Structure formats: C-alpha cells, structure tokens
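After this come two complexes, each holding chain A, first together with chain B and then together with chain C.
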Partner chain A sequence: MDQFIEQIVTGLSIGSILLLVAMGLSIIYGSMGIINLAHGEFVMLGAYTAWLFQSHFGLGLLASLVPIFIVVAAIGWIIERFVLSLLNNRPLDTILATWGVGIMLQQGVRLMVGSELRYVQLPQSLSDSMDVFGLSVSSYRVFLFTVTIALFAVTWILMNHTTVGMKLRAIMQDRSVAASFGINAKRVYGLTFAYGAGLAGLAGALVSPLKSVSPDMGTGYVIDAFMVVVLGGVQSLAGTVASAFILGELSGAIAFLQNDTVAKALVLLAIVVLIRFRPEGLFTTRVRA
Partner chain B sequence: MSSQTGLSRLGAQLAPILIVCAIVFALPLVLNNDFLLNKVARYLVLGILTVSLALSWGFGGILNLGQAMSFGIGSYAMAMALKLKTVPVHTGPGGLPDFMVWNNVARLPWFWEPFKSLGFALVAGIILPALVAAALGWFIFRSRVTGVYVSIMTLATMVVLNLVIIDQQSYTGGFNGITDLAQLEVFGIVFDTYSRATFYLVASCVTLSLLVAFAFTRTKAGLVVQAIRDHESRVRYFGYDVAAYQIFVFALSAAIAGLAGMLYTIVMEFASPTFLGVQLSLSVVVWCAVGGRQSLVGAFLGAVLVAGMQGALSESAAFLETWTLIMGALFVLVVLFLPKGLAGLAHDIWLWIAQRPHAVQDTALGVGQTREGST
Partner chain C sequence: MGISRRTLMKNAAALGAFAGAGFPHVWIKNTDIAYAAGGEIKVGVLFSLTGTTAIIEESLNKATILAIEEINAAGGIKGSKIVPIVEDPASDPATFAEKARKLVIGDKCVSVFGSYTSASRKAVLPVFEHQNNLYWYPTLYEGRECSKNVIYTGAVPNQQQDEFVPWLIKKFGKKFYLIGSNYIYPKEENNYCKKLLQKYGGEVVAEEYVPLGHSEFSSVINKIRSTQPNVIFSTVVGDSVVALHRQYRAAGLDPEKMPMASLTTSENEVAAMGGDAAAGHFTSAPYFQVHKSPENERFVAAYRKRWGADKVTHFVSEACYFQTYLFKQAVEKLATSDITPPNIRDAVKGEETIAPQGRVRIEPENLHTWLWPKIAQAKSDGQFEILVEAKQWLKPLPYAAYPGQVCTDKGLIEKS
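The block that comes next holds the complex of A and B.
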C-alpha cells in the first residue's frame, strides 16, 4: 500500500512538471496554431535566468520568479514580433522557424555562458521534507505541485474572465470577424506568445534545483509536453491538466513495473494510436471545424 | 507558358538533374584524394535521403519527421548482412556476431537468419522500409489524419523504434550499433569504403533515385499526389482514393530512404541508433527546406552543401559552435523569406535573366497572364 501511494506521489510530481511545461505550449498551439519547437529552449532560458540571478545577484529562487517570468516573456514577445508574425497562414512553416529559433537560443547560450553544467540551489525554507498521507515527501515537490495548480488557476482566469482572454478566444473562433470588431489580433498574439514563453521560463526556473542546468536541457521537454497537449486536446486547458497527470502517473507506473525505456516507448505508442482514433484529443467534445 | 511545348518543358526539368549527376560522376577526376572522396560520398548519400523527403513533403505534402526511420532500417539491414560476412576474427563461435557473444546470446536470433544471404539483405534494405512505411501510412491515412498530426505520429514511431534498438542490446548492438563490418562484395567487385568503386556506386544511386523520383512526379499518380497536397478534399470529391495515393508516395519515399541507409552503412562502415535519431531526422527537414522542398535537385544540393559545409567546419570546435548559430539563423531566414528554398531563388533569377531582353513585350503579356492565373 505504501508503495502504491509512493508511486502516485511520484506520478503527481512528474505530472506537475509536465503540466508546467505543457501549459504554455498548449496556449500557444491552441490559440495561435503555432507548434512551438523552441518551447524547450524557453524552459532552458528560465533555468539559466534563475542561475544568473542566483550566482551574480545573490537572489534566491523564490524572489527571482517574477523577474524570470518577465525576462523570458520579453524574449518570447520579440521572437513572435520579428519571426512568427511574418508566418501567418503557414502553420507547418512555424515548426521549422521555431526549430531554427530554438537552435539559435541554445547555441547563443552555449557561446555566452559555456556548455558546462550549472546548478541552482533549493530555497532554504523548502529543503526539508514533510509528511503527506504518512509518507515523507520533499517539501519542494509539494511546493512545485502547489505552484503548478496556482499557475493553472491564474491562466484559466486570464483566459475566461479578462478582456484579453475574451479577445483571444474571439480571435481563435474567427480572426477576421474579431478584427472587424476592432480587436488588434497582432497585439493579442504577441501577448499570448509572451505569456506562454513566460510560463515555460517559470517551469525551467522551478525544475532547475531538481536537475542540472545545461544548454540542451530543453529538448527532452518539448516532445513530452507536446504529447501532453495532443493527448489533452487542443484548446482545452482542463484536458491539458488531466493528460499531464495521466501521462505522469502512467510513465511513473510503467517505469516502476518495467523500465524507463519501455515506459517511454509504450507511452509514445499509446499516443500514436490515440491520434489515429481521436485526433481531437481525449478531453474535447468539440468537433474540428 | 503557352509557347513551350511539353517536350521542351520536360527537357528544362530534366536538364538540372542530368547536369548535377554528370558533375557528381566527374568529381573523382578532380578530387584526387580517396579520403576526401569518401567524405563527399557521405554527403551524397545524405542528399539521396533528402530527395526522398522532398518527394513525400514537397510533392505529397506529408511532412515526415521520421524520415530517418526508413534510413535506419536500410542501414541496419545492410549492417546485419555485412556483420554476418565478417571473418571469424571478429565473430564468435558458430558465426555469432561479437556483441551477441558478449551478451551471452547462444543462438543467432530468428530475424538475423535471413540476413546470411546478401541478396536478401539488399532487397530487404529497400522493401522493408517501404513495407513498414506502407503499414504506418495505412494506419495514418486511412483515418484521414492530416497535417501536423502526421508529423507527430511519424516522429513518435521513429523514437519508439530507436528506443527499442537501444534497449535490446543483445540483439541489436544497442547504443554502440553494429560495428566491425565486412566489405560489401557483389559480382566480384569489392566495395572498399575508400575506393572509387564505392564512390561510383553512390553516384549511380544518386542518379537512379533522382530519376525515379522525377519519373514518379511526371506520372498520373504523381500528379494526383501533388493535387492532394494542394487540395485534399477536392481530389477526394473527384472520386480518387486519396489515402491509397498518400500511402504509395509515403512508401516510395521510404524505399529511397532505405537505399540511402544501405549506402550509408557501406560508406561509414557501421550502423548506429543515431541513424534513426531525432537529430538526423530534423536535419534532413532543414536541408530539404533550405534546398527547396519542391525541387528534387534543390533538395539534393541543399543537403550536400549544408551538410558538407558543416562537416568542413566541424574540424575546429570553436567554429562549429558559431556555425550552428549561423545555421539556425540562416534556416529561419530561408523559412521566412524563401519558402521555396534555394531552388526557388535560382528559378526566379533564371526567369528574370531569361525575360530581360523581352522586358517590353512581357509587361503587356504579363497582365494577361496574371489574370489567367487568378481565375
């Protein structure tokens, strides 16, 4: 029984990291139709910014979360403004363009900071462990889970209860009609991409104490996160949450029963089969236009 | 252009292919260095792989992010056959490959048995990728999955195969791949990696795959495939079985990629899981986009030039890092401003040069033509 609960907690922990990365990707893909292959690099930038703040300005991880969000969001905005906004109506080309941007970001960091591993310290207040259901869990993982849920709530409110969110949803439904009502689609797109990038940056900053920081740390995240988005269904934030935790629990469980490689292979196969039979994702009821 | 007859248009399209192939065949006359020729042969093989992607992506509209899967299958088929041909020094007792002996495998696994015949391996290296692609294509296209989802499914399938190969070390050589191979010997010709024979073999395959791919784009099936790329449902309303055509072009492209994979094993003298890795697969997409996805010759040259430049510069580590940065920037610029790649640029320049003497006439004609084109 203890082992079972431990598995569930491990799964939740994997799931919350997945969700953090996938949320930004889901917003960008769901609303702009852009497959952002540079998303992993935003995660990496977030982690490097955390390291930079810590080693050069002595700022702790918790204190630097907001500046990290702003820095990575600004980079995202610039990329949207000068690269992606030129690619209207060419969705497949955005895959290529964002991949190129990703290479540039990765290589840029490698040239400027070097490719050796960097480490970010856990916040002092969260370095011990706490008791959850009679099980000792690291406080930081609980914190991670809480922050993820909080960020999801913020995103959900932004999308559904603010003017910007309403404009974005209007553009998603029909861009030209929305534009004729005076909505500046370009501006909203820029903000959306910046927000998604900022979320990825936060994800990177938050996982940085758990893993070592390196220029290519992001590549693994994109594919996993993308699978989450596909499984959850495009344009469905709640679906993204559910699928992140399902994938987290699933890979945790299979990894426990078999090994990591088999877990990865089986999850990927499951996703291939899923797309075949439900290309709209598990959790959407909307039929594709 | 109404003045051009069908025949001269065929000539205009065929000429670049023939010129490029002639240059490839003439290379050994200029490059008198076997080591360099081997390197060039490697880039030519990657060029064939890129041509195969241009066929499915540029002409079929199927962005296959797992193109390296077919390449890898071909490469492993060749490597397995050549491994079983090695002299007993490299293989264990009873003809077992050395890595199997190290992993305590007692008998040759059943799927290795047929590869004792070189003929089987040569056929399998082309047919097997085609069959796998046809099965995957059947799975994908029969359910009318399109666009990005096709890319994800192909990418995921390739990653799964890659993971399986790395995981099953005792049967596949795992992370190290299959090394220490014998040399290919067909009809008494030994294809040593650093020999002219290998180079001419590669050059012939370049010509063959360019011509086969070109011939396909000119057939009726090839035209239907291009129509599907431009407007899938319209073709479906005409009564064509869209999925069947997509599966066919997908499998044909995989067969060419398999051929390239086999050649790669001969040129590199090993097979490795990286041959069906994400890195290579995405690089092929880049080469194809830079060269021009809707031009077979363009895609081929894109691969040879970009991979060649990368190879030439990779000798100094500091330069390689800067180069990767420049590569990324170049690639973004090409995607943004040259959606048809270098081939499209060359075509535009050619038109501009060709039309200059008749500039006055053409302004009048041009108006009529655009109207015609837009209806």
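The block that comes next holds the complex of A and C.
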C-alpha cells in the first residue's frame, strides 16, 4: 500500500513537471495555431536566466522567478512581433521559422556563455524532504507541484475571466469577425505568445535545480511538451492537465515495474495508438468552423 | 597511327604490374618521407567541439594542445615540430569516421589523438585498421577490445574496480544497486562488477539502465528507497549524472548511509552539478586534480595558465596530456625516415613516462596502460579527497570479465 501511494506521488511529481513545460506550448499552439518548435529553447532560456541571476547577481531562484518570466516573455514578444506576425496564415513557414529561431537561440547561448553544463542552486528553504501522507517527499518537488497548479489556475482565470482572454477566445473563433468588433488581433497575439514564452521560461527556471542546464537541453522538453498537448487535445487547457498527469503516472509506474527505457517506449507507443483512434486527443472543445 | 584503346589498357596494366612488382620500395619510401617532412610531424586531434559531448571533449582537446605546445616550445621532437591538425567531429560517430579518413589519408597524419565515447572509437576503428595508422584513445572504457592500431591510455574495468568494489563492501555493506546509462560501457562495467560481487560475497539488489540523456530519476529514487541498498554503483554518463545527483540530493537521501560509487564522475561532472550535490559520493579513477606530485602541480598550473583559472583537470584530460608525451618518446626512438604509424606503435610498447598520476607504462602485449588506481570522495568545494591510493601500478586486463580470452600482441587468443 505504501508503495502504491509512493508511486502515485511520484507520478504526480513527474506529471507536474510535464504540465509546467507543456502549458506554454498549449497556450500558443491551442490559441494561435502556431507549432512553436522554439518552445524548448524558451525553456532553456529560462534556465539560463536563472543561472545568470544566481551566478552574476547573487539572486536566489525564488526571488528571480518574476524577472525570469518578464525576460523570457519579452524575448517571446520580440520574436512574435518581428518574425511570426509577418508570417500570418502560413503555417508551414511558421514551423520553419520557429525552428530556425530555436537554433539561433541555442547557438547564441553557446557562443555567449559556452557549452559547459551549468546548474542552479536548490533554494535553501526547500532543500529538505517533507512528510506527505506519511511518505518522505522532496520539498522542492512538492513546491513544484504547488506552483504548477497555481500557474494553471492563473492561466485559466486569464483565459476565461478577463477581457484579454475573452478577446483571444473571440479571435480563436473567427479572426475577421473579431477584428470587425474592434479587437486588435495583432496585439492580442503578441501578448499571448509572450505569455506562453514566459511560462516556458518559468518552467525552465523551476526544473533547473533538478536537471542540468545546457544549450541543447530544450530538445527533450519540446518533445515531452508536444506529447502532452497532442494527447490532451489541442485548444483544451483541461485536456493538457489531464494528459500531463496521465503520462506522469503511466511513465512513473512503468519505470517502477520495469525501467525508464521501457517506460519511454511504451508511453510513446500508447500515444501513437490513442491518436490513431482519437486523432483529436482525449479532450476536445467543439468550435464552430 | 594512334594508339588503340586496347594497347593503352595493356600498357597501363603492364606498367602497374611493373611498378607493383619492381619498385615497391619507391612507393613505401615516398610515404615514409611524407610523415616527417620539412621539420614537421603532423598529428590529428579529433575531439568534438560542438554537439552533446562537446562539454567534456573540449577539455580533452585543450589538454592535448597544451602538451603539443609544451613539446614544441621545448624544441619539438629531435628538431621537428609537432603540427596538430584539429578537426571537429561534432559528437557524431559517422562524422568521426569521415574526419578520421581525412586526417589519415588526406593529411597523412602519423597518429591521431581522439574520441571520448566508445561509439566514436568503434566508428573510427576500421579507418585505422585498414590504413594501418595509429589512434590514441585517452578515455576509461569497457575493455573487450584488442586492436593493434589503438593505444589505450585510459583505465579498463579491472583498473577501476578491483580495489573499489571490495573496499565499498567492507565500508558500507554488500547490497549493490547497479545503475547505468543504456549502452555498451555501463553494461560491460556492470558485468565485471557482478563478478567481483560474487567473489567478495556482495549481492545485486537491482540492475537498471536509463536512456542516454535521461533526466527524470524519481522512479529510480523510489526503487532505491524500497530496495535499501548499501551502495549505488553508478555508470550513468553525461548530463544524466547531473540530474541523478541533484535529484538524489533533493530527495533528502544521505551519502553517508547510501553513497553513490561512480566510475564516471570526475571534476568535470562535479563542476557541472555543483559541489553541494556531489559531496560525499565516491569515484574510482587513476587521477584526481588534488593528487600530490610535482608532475601534477606542473600540469595543473600549466593547464590553468593556458586555458583559464576556473578550469579543472580530470582523469581523461590527464591521459590526453601524458599520451602526447608518450607519443613524443616513441617518435624520438625512431630515425626520421622510420617514422611511420606501425613503427611508432612498436616503439611505444613498454615505454614509460612519469605522468601527473605517477609512472605509467604501455603494456607491450595489449597496448593498454599500467595505471595507479585511486579512490576518492567528492567534497563541496568541487574537488576530491583521495582516500585510497594503490601501492602498486595495476596491469591493464581488457578481457578481465571474460576468463577464456586474452589480448596479446598476436591478437585475441581464446583459451579453451
């Protein structure tokens, strides 16, 4: 029984990291229809910004979270404004452009700070483990879970209960009708992309104490993020949450029973099979086309 | 009257046969001269400067270049300068093979120093064997290879584990959790580890491999918690090492009760994960930066002066450094016209030098290196503390895990 609960908790922890990384992608992909291959690089930029704040300004991880969000969001906004907004309604070109931007960001970081692996210090107050249902769990992982849920709540409210969110949903339904009602689609898109990039940056900063920081770290994350979003169903935030935790529990359980190599293969296989029978993912929001 | 195509072909064939049979020495002599011409000896330096393993291979390039510059500054090899030709194989085995061909056939290098991963070594091996050239491989590796065209200056499993495993059993207990990355090196090391465990009464509570580049270790840590081993024996490589150590630390596990014992964690990896995550864990290797010897002090000082005061030296970069000196010694023994890859190989057999780790020697039988095993514990300042030093250098046995097989200068011999 103990082991069972332990497994559930582990799965929740893996799932929360997946959700954290996928949330930004889900927003951008779901609402703007942009397949953002530079997503992993936004995660990487967030991790490097955390490292930069820590090693050059002596700022701890917790104190630098807000500035990290702002920095990466600003970079995202610039990319949307000067690259992607010029490629309206050209989805293939957009994919290529984001891929190119990703490579440039990666090489840029490599040129500026070198290709050595970096690390970010665990916040002192969260470096212990704590009791959850009688199990000892890393405090930092509990913290990650809480932050992820909080970020999701904020995003949910932003999308469903604010004017910007309403405008975005209107544009998603029909851009030209929304524009004729006086909604500035360009501005809303810019902000949405910036928000998604900022979330990705936060994700990178938050996982950096547990993983290594390197210029090509984004590659792994972008794959994870796409798996979550595709499984959950595009345009469905709730679907993203569900699929992140399903994948987390699934890969945690298989890794425990077998090993991580098998887990990776089986989870991927499960997704492929599921998409074969439900191409729209687990959850779909019906939109009038 | 023109020459018909047929006569031309016949003549060409005759000329070919004539040249082949009549003047073989002409051709061989020509290649002889090419290897050490105009006061220059060309060598290839083949370490990745971009891609995933650039993180570590960059330091191997630096150590090799440092040694070459030192040798040249001291007058070169009998008046000839070593000219390094640096290629970047971009962490990709296929590119390794292509660049190796370029260095050996195109540039006519007399030797090539290169490779970190076993995959890249296996990829270049056919090039060096077909061309009968010489490859100098500085990395600790899994053994089980017996090429006449490679000089192996890193440790093989018996040199890292013979002392380490019994020491761990005595100090912490007999239950071992074997974890490695999923490729040939960790599996071979674990094969040998299991043999030693059997011999000394240890036991394996789990043997597990994670994908290369894996960074989510919570399931592994769960299993470690539930199996309660005395030692976590790790052959995880690359950025996974960093993730494993940092997550071990975040999970609140205690290195004093359940330490990780690694064959792959050097100063380089410790710098990447931070001293706080590495502190308390153990590594077995022939060299650590803190090793006290005049040669090592010189090496560390020269390395920092050349490449930056924040740089560390480690057990692979040390091998890069001393193997370049062994190359020099071997070439020095030869007359200028005799400088060819096979002659260098024969000259380096039994050759000794005082490396930063101590006196090392190339074993004539298998072209591996006699080394000085050490056991050390990582400290929070990013350096190690050496706890055990071998009293004698240890013979390399690349087939230690395979009792029926021995690597000799005539190749691999199967004993029935």
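Things worth noting here:
As a working rule, the second predicted complex is superposed on the first by the 285 of 289 C-alpha atoms of A that agree within 3 Å, B and C clash if a C-alpha of one lies under 4 Å from a C-alpha of the other, contacts with A are read in each partner's own complex, and residues count from 1 in each chain.
What we mean here is this: contacts are C-beta pairs under 8 Å (C-beta built on N, C-alpha and C of every residue); 3 or more make two chains touch, one makes a residue touch a chain.
For clarity, every value in this text was computed on a predicted model and none was experimentally measured.
Judged by the touch definition given at the top, the superposed model places A:Trp99 against chain B, while chain C stays out of reach.
In the overlay built on the shared chain, the residue A:Phe226 is in contact with chain B alone; chain C does not reach it. By the document's definition of touching, of the two partners only chain B reaches A:Val83; chain C does not. In the superposition on chain A, A:Lys264 contacts both chain B and chain C. When both complexes are overlaid on chain A, the residue A:Val272 reaches chain B alone and has no touch with chain C. Of the two partner chains placed by superposition, A:Gln173 touches none, neither chain B nor chain C.
In the superposed model, A:Pro91 lies in contact with chain B only, and not with chain C. In the superposed model, A:Glu6 lies in contact with chain C only, and not with chain B.
By the document's definition of touching, of the two partners only chain B reaches A:Gly108; chain C does not. Comparing the two complexes, residues 110, 259, 261, 264 of chain A contact chain B in one case and chain C in the other. Contact residues of chain A toward chain C in the complex are 3, 6-7, 10, 13-14, 17, 110, 115-119, 121-122, 127-129, 136, 138, 140-141, 209-212, 214, 216-217, 220, 251-252, 255-256, 259-261, 263-264. Listed in rising order, the residues of chain C touching chain A in the complex are 50, 52, 54-55, 58, 182, 208-211, 213-216, 218-220, 222-223, 225-226, 239, 242-243, 246-247, 249-252, 271-274, 276-277. Partner chain B is touched in their complex by these residues of chain A: 35, 83, 86-87, 90-93, 95-97, 99-104, 107-108, 110-111, 223, 226-227, 230, 259, 261-262, 264-265, 268-269, 271-272, 275-277, 279. Only residues 63, 139-140, 143, 145, 147-149, 151-153, 155-157, 159-160, 163-164, 166-167, 278, 282, 285-286, 289, 321-322, 324-325, 327-329, 331-332, 335-336, 339 of chain B touch chain A when the two sit together in their complex.
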